[in-house]
Each structure stands twice: as C-alpha cells, then as structure tokens.
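Structures follow.
Next, two complexes with chain A in common: one pairs it with chain B, the other with chain C.
Up next, the complex of A and B:
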C-alpha cells in the first residue's frame, strides 16, 4: 500500500542448521521477522520449531549458520538477547520444582530492570496464578500461566512463544490470546508464535513461516500468502490433465464428482485462470483460502514456495 | 458494539473491520461523534493484530467516515447525508445473493422472481 521500505528484520537467521545425531532438526533456515511483526511459525511436531527458537536465544548452539536478534549476533551476545526476550518454552521449567510460584516470579523479576511489578500483579490476578503453590506441583496449565507472567511482565521488545496455549483449557486459551493481543497493542513487541493450532491465532499474526522437516518451505506476509493462494473449481473432462506450467503451480488436487475438479494453486489468479482456460477446461469459481487451510496445504507440500 | 469478523471470508481483515464500522453506522448502532473502541480494546476483544485495526481506522479516516482526535480516540464523523452507505450495503447484500445463486446454478431472473414471491408471503413483516 505504501512505497516505504519494510523495516529491517528484528530477527533473522542465515543457513541455520542443527542436527541431533542423525536427526536433522534444522536444515538451512533463513528466517526473517520484521520489527513489530507477529510471526506465525507453523510446523508439525518435530519440524524444528522449538530448536529454531532455542537457537535464537543461544540456549541451543547451531551446527552451522548464523542468527541475529534485536541487532545482536546471538552466538556472541546470547545473554543480551535473553535479557530482552520474553520466552515461553514448549515444556515448562524443569528447574526450581521445589520453589513456590511467587518466589520464582520474585527471583525472575531480579533479572530484568524493566520488570513492572504492577503489571506482573495484574497478570497474576488475571491468570489466577497460585503464588503459594510449588512449581513442581502445578498442573501443565498452571505452570504455563506462571511462564506467561514471567515472559510478559518486563514488556520485552521480543517475544518467543512456543506453543503458548498448550495445556490451557478453552476458556484460559481465550483469555491468554486476548491478553496477548492487548499486550502487543501496548508494546508493539516483535513476536514469534510457534504453534500447530493456526486457527487460534490467524487474526493475530501478520507473517507466516512454514517449517517442514527442518526446512522453511514458505515464508511471507499473511496477506500476501492469502493473496497468492486460490482454490480453483474447474469443469474438465475426466481425461483432462493440467499443462506443465499450470501443474507447477498446483499444491493440491481435490477430485470431485464427475467433471468437477478443485485445484489449489499458488501464483497470480488471472494468470492461473488464463492457463486453465487455455488448457480446454472451464473455470467455475476461484476462491480464497483461510490461513489455517493455507498453512495445512503448505505443510503437506514437498516443494519450497516463494511468495515474493 | 459488536464487530463480526470472518476468517473464511474473501476480504482482508482490515477491510472487514472497515465494513463493520460502516455497517454499525448505517444501522444506527453507532451515531455521529460516538467514540470507536480503542485499538487496544478491539485487539483484545476480537484477538486481532493491532496493526490491522490501526490500518482500518486510518483508511476510514481517509474516507471521512471517522475522525481522530489526538490523545482522545477515533470518533464517527457526521454522515454525508447522501444515503450512499445504505446504497453500498444493499449492493453487498445483492452481490452475496447473486454469488450464492450462481453457485447453486440459479439464474438471476429466477432469483428475482423467487425473492418477489418470498417477500409477498412475508406479508410486510419486515416492512
């Protein structure tokens, strides 16, 4: 809409790679997250989402490649990055199991000069955190709430939220997502949300990255992604095959009844429509996909997709 | 004030926010000089990205549908008095009906005829 240069990425990686023995967790990942962006990192279980976030904090050392966050090289300045980041880990804190939640938050606040005690108390009340329970005795959802308070109360410029709502009941999910939307409106923090529940956050995010087996198979602003993917409802003879130029755009084929066929394809809608018409088939309708559906289709696709 | 956002709709969300504000004005739920919810409020309520709302409000302001007062908020502007908004709403309803009819293989004329009949049996219930 505007001709302005997009802001420099607040987070970026170059050729990031990490293996655990024979298991490849990350394979040449070039991530770019714009400052103030809310980036959805989607992927199946074991796609490398958590490893990627941990590499950004330098709590995990990559085998190859480089990662930068908030202007720091994370391998050289991991502590600087961690001090400016609110991190909700996929699995709760394993340490301090004997510590009471209130004591844990007090200890945590000491690490962050920007810790806002009033905001922390507000979050504790809102999320109904039981301050006198020991961390080890908390349910998954309760432990999650403690983590969320710890991540948000210092209003960091970067949020890394790994499966934020995992373990929370449906009501608490709603509350936490509303709280996050409000927090982001207040702080404008650059945020990476890793999740496989895309539907839950699709109105909240503005960028999407899809990780598949350690590779980033797609990365784009959400609106561009939605603008470049269409489902084409086509009337074609059963013997019809898509010409190669069209086939190259097709991500999914859904055969219907009789001559009815649905193709999900990437690229310019007018060009695709023309290619369908040229091939002797008739285009009945082209429709937009929801973000959840788009991500699901990209997750199933083998190829890399450039939405530039 | 209740805005309806549909993630499956073919319109970008910021356009949906704009349309919803206009709809609420057209049906009289929002009146001239009423304050719109703050970006923060609306973000929390609808779990929307704040930039989406900022963009919607900015475009509405550019269109003259709302005005912003620094430090206070965004307010509904005086209506232009042309009834253009109701006209636009009607256009949208018509467009939706036609698209739906087309999808079910119903010709526009058949739809008009059926609408006429249905309106008669309604017996002016909805005026």
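Up next, the complex of A and C:
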C-alpha cells in the first residue's frame, strides 16, 4: 500500500452511452483524466469525440452512464461545469454570425466572473483577432481565434478543445499551440484535446485515449504508449510465421523487400526481441514510434488489450 | 480541484445579456419594419390630406402586428437552434433559465414594437385631425328582435381596449415560442396539422351539408373562435362575435350588437388563451430542462 492515494481524476465517465436514432455515438465509454493532465482524444471522423466533449458539458445528454468533471456530476450540475470550463467547439457553435467579435467577447465575459480583461486583451493582440468584424464575415481561422480567446480568458480549470487548430494557417497553428503550452504551464488546467493532427500536440499531451465507433478502445499515459510500442525490423524467411505468443503482441505488419519485415508490436521490448529470436527470425533493429504513429496504429489495429 | 459549490446567477443580468443579444439578432428586421411603418404612416397622412379624410387611430389596427409576434421567436432564436448546437446551451446557466431569459427578452422587444406602432398610429391620427379611438352610437339588443327593437347606446373606445393588441401579440408570441422550443421540426408539424385540417374540412364538405362531421367541425370552430372563451374575445374583445350585420328598411345595413365588449369577457378569454400558450411553453421548456 502506498502512502498517498492517487489523485481522483478531474474528469471521468462511467459507461457513457449516446445514440442518435440508430447511430451509436458513444458506447460505454469509461474515460479518466487526471487533474492537470493533458489528454489527447483521438479517433476517426464520427468516432464520438465531439459527442463525448459535449456530454461532459451536459450540452448533450447521455442515454446511459455518468460523467463527472471537477467534482460535479455533469447531469446534475451542468451549469457549474460549464462555468469552470473553456470550450472550443468543433463547429461554429459558440458564435452569432451577426455579432461583431468584440461584442461577442464582451457578452461572453459577462458570464464568467473570473474573466481576466487584461489577459483577454493580450490574447486578442497575440491572435490578431478582428474585434470590429462580424463573426459571420470572419474566416474559419479568424472565428477559431475568437473562440480561443473566449475559452482561455477566464482561466478555467478545465479546457475542452475540439479540433483546436482546425482552420488555422500553419503560422497561426504554431502560435496557438505555443500559447496553449504557455497557458497550461501558467494555469495547470486539465485539458482534453481532440485532434486529428497528433503530431502538432505531441509535446503537450501526457495521456491518450482512442475512440472508435463510440468505444474507447485504448487509454493510456503517453509515456506508456511510447514505452511499449516498438517497430521491429526483422530478417525472416518468406515462410516465417510468428509464433502465437509473438503474434498476440503484433499490432501491424509491414512487409518490406525480400526477407525484410517490419512488425509493430506492443509489450516489453526485451521480451518481444527474445520471442523474435526464438521464432527463428533475426532482429535487425527495434525503434521507437512517434506518438502520432502510435495513435495511428491504435486507430487501425483491433488489438488494444495492452492499453485498454 | 474546484469545490463542488453551486453556481448562483441572478436572472436580471442574464435577461440584460439576452436583451442585447436578441436586440442585435432582430435589428435588421426591426429596421425594415420601422421603415415600412414610417412609409405606411406617411402614405396615410398624404392620402388623408389629399382626400380631406381623417385617419382614426383604432386598437384593431395594431392587430396587424400579429404576424410579427408569430414570426418573432424565429428571429429571436436565430443562431441558437433549440435542438441544435446552440451557443446559449454552452453558457454557465441552467438551460431553462437561459431559455426563459431569451423568451422574456423577445417579449420585451415585442412590447416595445407594439408601443412604437401605437405611437405611430396616434401620431398619424393627430396629423390628419383624426380621433384616438372610436366614438359612435351602437344599436344594442337581442339579435332575434331586429334593429328596430335595439337600443341606441353611445360608445367610445374604452382605455382597456388598447391593451387588447398587446395581450393578443403576447399570446401569439408565447404559442409560437412553444412550437419552436417544443417541436424539433415545428414547420413540418404545423404544415402537417394545416394539411390534415384542410383534408378534414374537404371530407366534411363532401359528405353533404348535414353530416355529423360537418356539424361537429362547425360547432368546434364556433366554440374555438366565437365562444364565451373564444379567440375572438381574446384578440378583439369580441367585436366580431358580439355584432352582426342586419338589413334595415331602405338601402344599406347596420351593425346590431347583442352586447357591448366588456373588460371581463376579454380578460377571461385572454386568460384562457394566454394560459394555454404559457402551458404549452412550459411543456416545451421541459424538453430542455436541466437539473
């Protein structure tokens, strides 16, 4: 028994399920995000990422299960959760097309007693937000900047960022991600980031969850994911087949030229290397995967037992 | 971790923010309506002056704002689809509180629109030398006795009759808001109901003049519109239900009143219709209720 209990998750869900007619958006999702953690929610289009974030705000009501955020049951205390959350929605939700950006931010600020006017002005300057433009006249990227200011300026303890950099040009992406890094270092906010561009947030995140068809098929600390996933470059006869113990670890098989074979496998590197050697193949090299590669492999593979 | 303390937010600031938001949402339509109103008043004045006729300001004229009251919820909720991804639902207030504030803000704007229309009406009447309200002699008596047996009674539009358009507009606004908030596809439902009703009437007409369906529809419509608690009493004070045209010897006809409009009859009918609309609105709000 340890001296200290692990901290309770800032966000967790239990068997969260949501359907739209016959379409299942979420299917028994058990999510856990540590306080101060930055959680990457990965998944293909329609996997249920946005629905999950919306359920955490009680903007979308789950059919079954429960969600808790910052100590609140989101179904009973949705308003309290929203008061403490900075939310960047995937779509244009959160904007009024006829309203000028400056007016919108003024309206939004009225709902957050912790709104930091000075910080908001700093963000507006940094992101070059056009305050006098109507929201409907802004480009997708410009509208995104307004949403980012609205989400961050009250320094909430929870950030739900759905496709944060969607619509931003490469330069703006870099600026926004640097800004987010600075913001997180400053506030220590618990963050759930949903994005398809894993590579650009790799340095920020410490936990990864993979959603597929509404099911959270994998969930693990990024460190564990990087530590247990390896690409093994193997020299093996064409007739070589992996023994069952090794096969169970393999998440992806990439055939090369001639006898060259690359296997992406989960588990302890030494054990996997020994299993390859025992099978009659020769291990040429074992290399680490980047986080975006790891996430891509988890998205493609059916085997997630090591990270479930 | 943040302690789970309950969020408290008073309704006043929320209403204030929704007044600003809805004001901005409807400002283009409001500008157009103001221009149309100004043009109409100008036309009325020039026509009156040209033909040496006086324009009298009557409460019934304000009923022209009823379509505005029916359409206003659609403008008020623009950008915040009740069954879609609305910014309103992401705010840190209970959904029902946010929705109520928005509905109330729309109602405030509606009353303001009516006041502006009323002022324009009075100003137009004043500019043409017309009267504010109606001053006439009405023939009052039992319909079956005829015009000869009716008593002439001096009638001036009472002050309470100026409240009728306000009550009617607010009832229409509440009913329309209920449809918008309670039905995922309100236009489909309303269109479907209208088509179903039309088919029913056509069916009744094709069954001959004295079939039970035809008579049932007739009685229902009579109760709904001209009955004691009917729509006519709520919307006009009972002007259409209480009077009818009767022939008199010689050319022309006169209006015979079986009774003159009263505050009680109007207030009772308004209470029924406004109450029904508010009940529908409350039921619609239940669909968005947040614990």
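FYI, the second predicted complex is superposed on the first by the 295 of 308 C-alpha atoms of A that agree within 3 Å, B and C clash if a C-alpha of one lies under 4 Å from a C-alpha of the other, contacts with A are read in each partner's own complex, and residues count from 1 in each chain.
Convention: contacts are C-beta pairs under 8 Å (C-beta built on N, C-alpha and C of every residue); 3 or more make two chains touch, one makes a residue touch a chain.
Computed from a predicted model, the values in this text were never measured in an experiment.
A.B. asks: If you tally the residues of chain A touched by each partner, is the higher count for chain B or for chain C?
C.D. replies: C
A.B. asks: Quick one: is A:178 in contact with chain B, with chain C, with both, or with neither? Answer first, second, both or neither.
C.D. replies: Only chain B; A:178 stays clear of chain C.
A.B. asks: Return first, second, both or neither, reflecting whether A:114 touches chain B, chain C, both chains, or no partner chain.
C.D. replies: Neither partner.
A.B. asks: Please indicate which partner A:237 is in contact with in the superposed arrangement: first for chain B, second for chain C, both, or neither.
C.D. replies: Neither partner.
A.B. asks: Go through the superposed model and pick first if A:84 touches only chain B, second if only chain C, both, or neither.
C.D. replies: Second partner only, chain C.
A.B. asks: First (chain B), second (chain C), both or neither: which does A:206 touch?
C.D. replies: first
A.B. asks: Which partner does A:70 reach: the first (chain B), the second (chain C), both, or neither?
C.D. replies: In the superposition, A:70 touches chain C alone.
A.B. asks: If you stack the two complexes on chain A, which partner ends up touching A:99: first (chain B), second (chain C), both, or neither?
C.D. replies: In the superposed model, A:99 contacts chain C only, not chain B.
A.B. asks: For chain A, give the residues common to its interface with chain B and its interface with chain C.
C.D. replies: none
A.B. asks: In the complex, go through chain A and note every residue touching chain B.
C.D. replies: Result: residues 36, 38, 177-182, 184-186, 188, 199, 201-206, 223, 226, 285, 287-288, 290-292 of chain A touch chain B.
A.B. asks: List the residues on chain B that touch chain A in their complex, please.
C.D. replies: 5, 7-10, 12-13, 39-40, 43-53, 103
A.B. asks: Applying the document's contact rule, which stretches of chain A touch chain C when the two form their complex?
C.D. replies: Residues of chain A touching chain C: 8, 10, 35, 57-59, 70-72, 75-80, 82-84, 87, 89, 91, 93-99, 103, 107, 110-112, 157.
A.B. asks: Going by the contact rule set out above, which residues of chain C touch chain A in the complex?
C.D. replies: Per the stated touch rule, the residues are 1-7, 9, 13, 17, 20-21, 24-25, 27-28, 78-80, 85-87, 89-95, 290-291.
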